[in-house]
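Two complexes, one shared chain (chain A), two partners (chain B, chain C).
Up next, the complex of A and B:
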């Protein structure tokens, strides 16, 4: 199959006086898990809801498994497992009733898989949803999302508000979901560590715009911090054009550069009044923070 | 059995490299002996809670370096190699790491003479502490 399972082309979504996504283009390949990262209000949830056809883009197009979501919403949703940020389910129903209800909605429902997941998560079938803890509710939503053996799995902040042991449980389940017929998993999250364990790729968005979409390993290899020391009383003259964030504090000139290669150091030395410069490796979390800080305000001078 | 290996998602080192270097150490230490099978990609992924593609990447790297080989239908096995070969590989890696550290030191204005002294001190310290560990 050559069509990517998830494809967004130039997707803009306007709410009243507010642009939630701005010409967002993304393509997720088969066999990958992608972490959608961004600060609160970046447009992550809007983006995920549009992938499911629950929100209609103002302009642009979205196709899931080769089908346009706007014109084929119900058909596409049959193939997607979705866990929303705060799974509501049906608060008055029992776990068992929710599962039975879901089984009537999805054509490809696998009852044996549902039973297996309920057991694995130790979910009490007779408890009503309202009485479940947040972690249990997420697990119940995950049972519904996985038991129809979806080809695409979409998870909105699945780890937020969960204790570390429940998160571990969830990570293990998601890892086993990959081994089944799920072609593509997209999860939005603030837990960058979890994303780093689970995902192959990250897409970082800010104010509705895509800042970077890359494999995690490539991102680590191609994003570096350069720490330079300015000569007394001097300021940078020609920062590297690939600088995504920089900070000047007395003589210390720090910059995060993407994409970086080591030959840039010579250009930096030649064009700026600096006495030294060294390269520092960054973690995914540091890269994320620098990209967001840089997008918010390009340079701080103390 | 989550302590077969420790993975730090906060580290700047890609997770597949963290896994590869721990596997190298475990092979060198005899945790996995020549002709012994390694855990499957899926099992190790589940155990240490990382993406299976990441484990695959680590295994690919070790296979490329000649530490392990895949045997049809049976999985991945530790290759029976001479100690000299293993050491040669480790030396090349050390060479790369040292060059990077030295380049950083030079741009920070540390003199070659001083680098030599610091290197000698660090080496003595490590040799002493590793001999303590072994006895």
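Up next, the complex of A and C:
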């Protein structure tokens, strides 16, 4: 059995009076791009920083490419490319100086790849980082992250606040990185659209806990919304145990169910005072919203 | 990797380094100007004038250099937090130990370079002071070296406190301020504490010991803090 490129086992991280991640266990397989989704403060950035070995978990263990990140931080980071939301390179360096500096930090630096990326992103080599726009800075950070041909690429909301053209550029580059020797890409983002375009899998976390981790196809196939019409003046009696979120608005009862299978519909109709029910397909964004709403408040009654 | 880190630190601390070099030049220039105005010095032989100028300028420059070391030490780590480049560095494979070692090497190189320059100046002037009146008991020479050691201890304290403050704080100007103010407070603290505990040892010995202890504690504590810190 091959070792997964990223493995988190029962990882808890406590800050003063606040639990950022709570017994989080994740395993990202080789050859996958995983979208890490969660609302603000869900623990995504903490999770990514622990993967990089920058934060030490309070308990649990994290291994990247089979190596423990706590004891092998610098060695592991040789194989990881990282782009934060707001990349702070050395503002006084020129793009060329940043590239030269990074080339001496990373053992596997590929100068030809760096030159190719600089050209592809149309980054002016003599421009000082301070004078670059946010989009250009993200591109410069992506050059640093990709030119050493990392086996794992970690992206922490790199596309937030960027215009659609720059986002398209970045997505195209990330897709080509995926085709090269990058074993695993982890993309944390609020832009579910971007996650849809890039990722094969999604992991949704809320309040430091994992709600779901599955391939996008499986998630779409196994998560459905059931929209039922209640009989006059009656309330649901036996909702499905797999319901992640439900909403009752007068006679309309809708529930998001995961995992769902067709046989559940008959059970629902048999056990509840409903006149009709239908199954509705959901998008990743709707599933994400319903799961987060459900984690915050499982049932909403108007 | 280490060379790149040193290059980055030199470039990042360009201003304190230029300031250090400028202070040496200014110290020598001021001494030369002052002695050129002194009729007693001007009346002496060329050898005597030269020796006197080199000696006085070396001592003056050594004293001023201690402030520049405080500025450099205070700027070394914290300046990377001001522009948030410390975060970028944290994501790279450079270990915190290597990053800090590069900074320590730069500080040590500047401190040793300045000390050697001034020491050479003082030694040259002492060797060539052939037509100067010789001290009868050797007390004068001892006093010179005690003065040199005191100034060095003062600088060590400033650099150590600057290092500590720079490792802890996120503002390089606050770190530099601590580095400059702390060693200056030591003589006052020494006098007060000796009066309180009613001891009569040489005040200078206590002061030098306090500077050295504070400097050493600053370097050790700062290093420990930096190695355990997360730059996020």
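Convention: the second predicted complex is superposed on the first by the 301 of 302 C-alpha atoms of A that agree within 3 Å, B and C clash if a C-alpha of one lies under 4 Å from a C-alpha of the other, contacts with A are read in each partner's own complex, and residues count from 1 in each chain.
The rule is simple: a contact is a pair of C-beta atoms (placed from the backbone, for glycine too) under 8 Å apart; a residue touches a chain by one contact, two chains touch by 3 or more.
Just so it is clear, the structure is predicted and the values come from calculations on it, not from any experiment.
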Of the two partners chain B and chain C, more of chain A gets touched by chain B
Chain B versus chain C as contact partner of A:205, first or second or both or neither: neither
Next item on the list: Check whether A:33 is in contact with chain B, with chain C, with both or with neither, and answer first, second, both or neither.
Entry: first
- After lining up the shared chain so the two structures overlap, which partner does A:277 touch, if you call chain B first and chain C second: first, second, both or neither? first
Query raised in the report: Does the superposition put A:91 against chain B (first), chain C (second), both, or neither?
Result: second
> Counting only touches as set out at the top, which of chain B and chain C does A:136 meet: first, second, both, neither?
Replying inline: neither
Have a look at where A:147 lands relative to chain B and chain C in the superposition and call it first, second, both or neither. neither
Interface with chain C, chain A side, in the complex: residues 49, 52, 54-55, 73-75, 77-78, 82, 84, 87-93, 100-102, 104-107
Residue positions on chain B within touch of chain A in the complex are 7, 9-16, 42, 45-46, 49-54, 57, 104, 107-109
Listed in rising order, the residues of chain A that touch chain B in the complex are 31-33, 168, 171-172, 175-176, 178-179, 192-194, 196-200, 216-217, 220-221, 265, 275-279, 281-286
Per the touch rule above, chain C residues touching chain A in the complex are 1, 3-4, 7-8, 11-12, 83-85, 87-88, 90-95, 98, 230-232
